[in-house]
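Letters A, B and C mark the chains as written, and numbering starts fresh at 1 in each.
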């Protein structure tokens, strides 16, 4: 994976919250910003931001996706890294924006923005090299890796490395960590039965770890997994990794 | 359908020229990197081929006919189809077998009389102790089998003895052009003298491998032997006895081709 | 379009309810994935080898028309007869003519996906010619009167017990046979050997055709491919036009990656390279070899520079083994010759988006297939492109725009309007936070979502709101 390497640890970053976090998991977004602030960074949250454009892009409506992506470009001037609490939205901006803007008049600008995008845990580990101190009670958790974090952003070890820094947290990995949970955006409603079977398998895998909590870096997966856990009356809860880390380190 | 040809090639050429692609260069390093020290090649070939149920026998240029015939006799094979026109075939037929083991071969009945239709006993006339159905006897088990082994030369077109080939032949003997360490494979170039079906239809395929004809990879072998200059009618890599996993991924050997592959390493 | 749209969701429903089937697939795919992983434990070897294989395929596509001509020249020089077919109907007609000329009433066939595209068996049976599948998996599927559910392991949807039952029903002397894989295999061996012996024509696919030497390469484990290409007096090989490679040395990378990706074996039992019919003095082998080069939509796939990469495929089936959707529903749910990820990009291009427009949507875009594809086909990018084609008329894909919906287009226009104006976005998200949770679960989409999940809950305040309140700077 090609990653931008800021010359030194920056003092200031942009935060792109994503539309899903905005509407359903704002506390995960706040936690992400606070984790960055705790490292001494100034975090800028441009209020004009909305969505990376992925929903329309993956549904075949690329002109609409382009309009929405374009509306984000001017919000992140300069060279600051752009941190995103989602592997999927980060992947859209980093991997698909170059394709989406190909041949467009603002292609150069889009590429400049795209190149500065980081997934949150990747940024915490690779750029900030954070050291976490666990203040929580002993807890067993498991990690759900989002497909786009793994395969578009190359984020595999970083979140697990962060969880392993927490002295009282026991991380039990899933048997099929790499397997999709069945969210897939509109897939979950277009092919609801297949999606249900997939999340059913994922829930079974989570349960078999004996974890009290399933931590993930993507809110689409979380919405799917949490919804299935809740509907199934399972005691396990899903949580965004930013929120989990913040809870554990801020007491 | 020459208009199909013109239409297809026309479309391909037109659209390719509209959107030409420059492929990245082909870097064959990963194939060139597949190398083993000479002394490790044979053990590796053995290990890989044994993992897929190939059997190995050790022999010398002097004793391989004895090793082969002893093995087949013990395995319960009644006959061995071989290529009389090859050097190995000549060696085998010159090997002093006890007289009664030559029954049914042209050595006794004259050129071209070894098969059904000739006067002598033929494989289909003589009931074979070698079971065509069910599992084969293992060479290690059972008491000494004293049945004789009949040598049958593959010296005529298959059409002349198709039924016998399919129903009456227990074992076939071929040479090899060598073996490949990377994948544990034998290289065979069947020829007019050593026909293709020798290594396919008989239940046991016995292949002679000279211990000095070993290659690192298929790629190396085809370059060293300059295959691209002149390909034979048929070139083969064989890496074990015929097998399938089509029934619930359970490996079963001997589905259509040989049930057993026996490699005789000749030093 | 007269053809009906194929409803993948409906077809997959039955599969999902069949716990036996789901168990069979889960077990099989888990096994295949772990066996493949063992083969590619050396990451550097994997990356360099797949780059090599991809370059081989890309080079072949870059020179495709020239290589096909060179292949034809060299095959012809070698005594192999070449036939070109634009459509499956033409390919079937060519086959029938060859069979008639050979006076053949029985053909034995090795695995060939192209003949599945052609529905060749049904066509020949309509003309009183018996075609017997000889790959054990294909033989089982043919006995069962169904289609292969996987391109490499056609009968993977059945377990041993089910196959034993099928044999007992369909084969006369099966009653006395044991019910284990070895006994069933042995029974098939006895039956098929009679057929190999008596068939007038042998048929096969082609894994790679070498332009440089005029050589057909076939790989297999069972020996049925060698039987079909050696015993009958006439051999007909079927290949998609993309199967050509430039040089003989382009074959080893493909031979190396295909079986390792497909079944996790270092090599198949047989690599069979055929360059000529029986020559003067040779004692076996077919006296005639015919190669049928089939287009069936491939030249249109080739025409688009982005979609062209579909034709890199070497048919290893690893994308199926790793697809979480395929693993759940199995191959039959796709109702297509090629199931799974490669089928989802290939079949809509061959058969058109009116019939197959839903196929590219039966994918979560998880990229598991892309990660393991040995020739680096950007499967998910092509999937996304076909979703565009399905709703926008263009000249690129058959029946593009067939799935266009005014309502859907309007929804996305509204979505774009909301997400391009900060004011509209603020109003809309504030409204959703305030009243979104009151939406009834019976609404379309929400209804599907809540079939197994609780309703997603809008947070009382958006992140924008919280950030502003917490004094996070805007610039």
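As a working rule, a contact is a pair of C-beta atoms (placed from the backbone, for glycine too) under 8 Å apart; a residue touches a chain by one contact, two chains touch by 3 or more.
Chain labels with UniProt names: A = (Fe-S)-binding protein; C = Iron-sulfur cluster-binding protein.
Bear in mind the structure is a predicted one, so any value in this text is a computation, not a measurement.
Novice: Once every inter-chain C-beta contact is counted, which two chains account for the most?
Specialist: B-C
Novice: Quick check for the class: compute each chain's Cα centroid; which one is farthest from the centroid of chain A ((Fe-S)-binding protein)?
Specialist: Taking each chain's C-alpha mean as its centre, the farthest from chain A ((Fe-S)-binding protein) is B.
Novice: Chain A ((Fe-S)-binding protein) to chain B: how many Å between their CA centres?
Specialist: Taking the average C-alpha coordinate of chain A ((Fe-S)-binding protein) and of chain B, the gap between them is 57 Å.
Novice: How many angstrom between the C-alpha centroids of chain C and chain A ((Fe-S)-binding protein)?
Specialist: For chain A ((Fe-S)-binding protein) versus chain C, the centre distance works out to 32 Å.
Novice: Spell out the residues on chain C that touch chain B in their complex, using ranges where they run on.
Specialist: Answer in residue numbers: 24, 28, 31-32, 45, 48-49, 51-52, 54-56, 58-59, 61-62, 64-65, 68-69, 83-86, 90, 94, 134-137, 140, 153-156, 158-160, 163, 180-182, 184-186, 188-190, 192-194, 196-197, 212-215, 221-224, 226-227, 230-231, 241, 247-250, 252-253, 255-256, 263, 265-279, 281-285, 293, 295, 299-300, 302-305, 308.
Novice: Which residues, counting only chain A ((Fe-S)-binding protein), touch chain C once they are in their complex?
Specialist: Interface residues on chain A ((Fe-S)-binding protein), with respect to chain C: 15, 17, 19, 21-27, 29-30, 33, 42-48, 50-51, 53, 55-62, 64-65, 67-68, 70-71, 99, 147-148, 151-152, 178-180, 182-201, 223-224, 226-228, 230-232.
Novice: Give every residue of chain B touching chain C within the complex, in rising order.
Specialist: Within the complex, chain B touches chain C at residues 1-2, 4-5, 7-9, 11-13, 15-16, 18-31, 33, 48, 52, 132-135, 154-158, 162-163, 166, 182-185, 191-192, 195-197, 200-201, 217-219, 222-223, 227-228, 231-252, 254-258.
Novice: Hey, which residues of chain C end up touching chain A ((Fe-S)-binding protein) in the complex?
Specialist: 8-9, 12-13, 16, 22, 324-325, 328-329, 361-368, 370-371, 381, 384, 387-392, 409, 412-413, 415-416, 418-422, 425, 429, 432-433, 436, 445, 448-459, 461-468, 470, 472-475
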